[in-house]
Amino acid sequence: MSTLLESNTNTDIDNNISTMMDITVLYFASLADEAHCHEEKITVPQSTSLTGLYEQLRQKHRFSRPQSELRVAVNDYFAKWTDEINHGDSVVFITPVAGG
Amino acid sequence: MSTLLESNTNTDIDNNISTMMDITVLYFASLADEAHCHEEKITVPQSTSLTGLYEQLRQKHRFSRPQSELRVAVNDYFAKWTDEINHGDSVVFITPVAGG
Amino acid sequence: MVDQVHGQSMSIKRSIDEAYLIAERDGFALLDIDIDESRLKSTLDDGSCGAFVCFEGRVRNHNNASSVNRLTYYGYEELALNQGRAIIEEAKKRFEITHAIAIHRIGALEIGDVAIWVGVVSAHRYPAFDACRWILDTIKADIPVWKQEYYQDDSTKWLSNNG
Amino acid sequence: MVDQVHGQSMSIKRSIDEAYLIAERDGFALLDIDIDESRLKSTLDDGSCGAFVCFEGRVRNHNNASSVNRLTYYGYEELALNQGRAIIEEAKKRFEITHAIAIHRIGALEIGDVAIWVGVVSAHRYPAFDACRWILDTIKADIPVWKQEYYQDDSTKWLSNNG
């Protein structure tokens, strides 16, 4: 997590504790394989976008899939990549599904 | 049955016993209601066509449906109205079906 | 009167086991008791098939504006078996399916009873849907089965699938 | 390792009874044991419905050229329930149907096991066929369920419905 924070200090002016958000990220399928975990809790600056969040985690875990191949869910509903994240949110990146 | 034979004596020149056919006719649904029976055996001249047979029986039983609304089956297979009838055949006139 | 002229077409001439054997072999049979769906389904089990689609036609409590109490199906069994076999053969040519089975029930049925059951298995899903619908439509158009509805005022009516 | 990162998505968080209650109420649920088709069908019984169409997706013994031994489905249950409820709501708007229920199974499945079941009832037959196919397609496109196939050489592969 500290690496994530450091990597954002240059772009976020108000980077103090009051502007940070705690986010829970769940991983499924190949993302869970690559992240070596099902769930992680991270703290990110309040202005972090969903695309920015995925890029940070992609670098951290060396995810093989680009964001263009994924969908995203926030608080157990599909969300748009342009939707805002809020403190306490749960975020899940959805690789192509294979039900049925 | 005798009425049927009589009604054909004028049109069939070779109307002797060697050129007659025994036919079994089965009735289903509204035709059975109108014929008041499920099955009848009739003897007709060998040249009798399926359309001719239906016209005779229609007059006999006062069937309400014209031939154009019916299909015909010979020996338990759908047949064309132009197919020949042979001695011993089973003939069924099929009113519009209503399965399913 | 009804039994005299229609009695023979309210029941099948074969045993129940024979009807199921014909259904399994030829893909179609008439039956004059409750359709045993699990018995039909078990004949369609196949490890190569990812898709199973089935249709059940049940007796409704209404038809257009009229309230239906019960109805009776009458069948011309020999022609129905011959035509049913041809329909299933044709379905296997038209669609990429592994197997298909259909049964039409005849006799007196109550509301909710299954009058017709069609089941299809295939490797992939779309052919199973397409074939099931086609078989059903073709049975409704071509199988010699007739339906008489009984209404609350004791009147009856011969139905037709084609208007 | 597999259990550590995938264990939570191989089973549901609810009881079986709760899953069936959700399926009955919302039209969709995940389940992690054998799907009880008769239990689902019984919730669809309706005297006004003449048509019942169902689809069962079963595990096939092959996929493309590969021989499949078994496979495992993983699900994101909370999103699946929310999205499944929306799919069934949408189906009822799009098609003239009375009710629809679908269940997707997760966990380890063997060849022949039913992975997905979709059932639809309607007054007439075409909307039931159309809705059943649409619900199935939409589940396959949108429900967060993932599939890993295990082959005879012990290799595994994550599948995708969209190429």
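By letter and in written order, the chains are A, B, C and D; residue numbering begins at 1 in each of them.
Keep this in mind: contacts are C-beta pairs under 8 Å (C-beta built on N, C-alpha and C of every residue); 3 or more make two chains touch, one makes a residue touch a chain.
Each chain and its UniProt protein: A, B = Molybdopterin synthase sulfur carrier subunit; C, D = Molybdopterin synthase catalytic subunit.
Everything numeric in this text was worked out from a predicted model, so none of it was measured.
If you take subunit A and subunit C together, the chains in touch with both are D.
Between subunit B and subunit C the centroid-to-centroid distance comes to 28 Å (mean Cα coordinates, whole Å).
Distance between subunit A and subunit B, defined via averaged C-alpha coordinates, is recorded as 80 Å. Shared interface positions of subunit A, i.e. residues touching 2 or more other chains, are given as 100.
For subunit D, residues touching at least two other chains, in rising order: 57, 125, 136. Applying the touch definition to every pair of chains gives A-D, B-C, C-D.
Interface residues of subunit C, counted against subunit D in their complex, comprise 45, 47-62, 111-112, 123, 125-126, 128-129, 132-133, 136. The touching residues of subunit B, counted against subunit C in their complex, run 26-30, 32-33, 35-39, 73, 76-78, 92, 94-100. Residues of subunit D touching subunit A in their complex: 4-9, 57, 73-76, 78-79, 82-83, 104, 115-116, 136, 139-148, 158-162.
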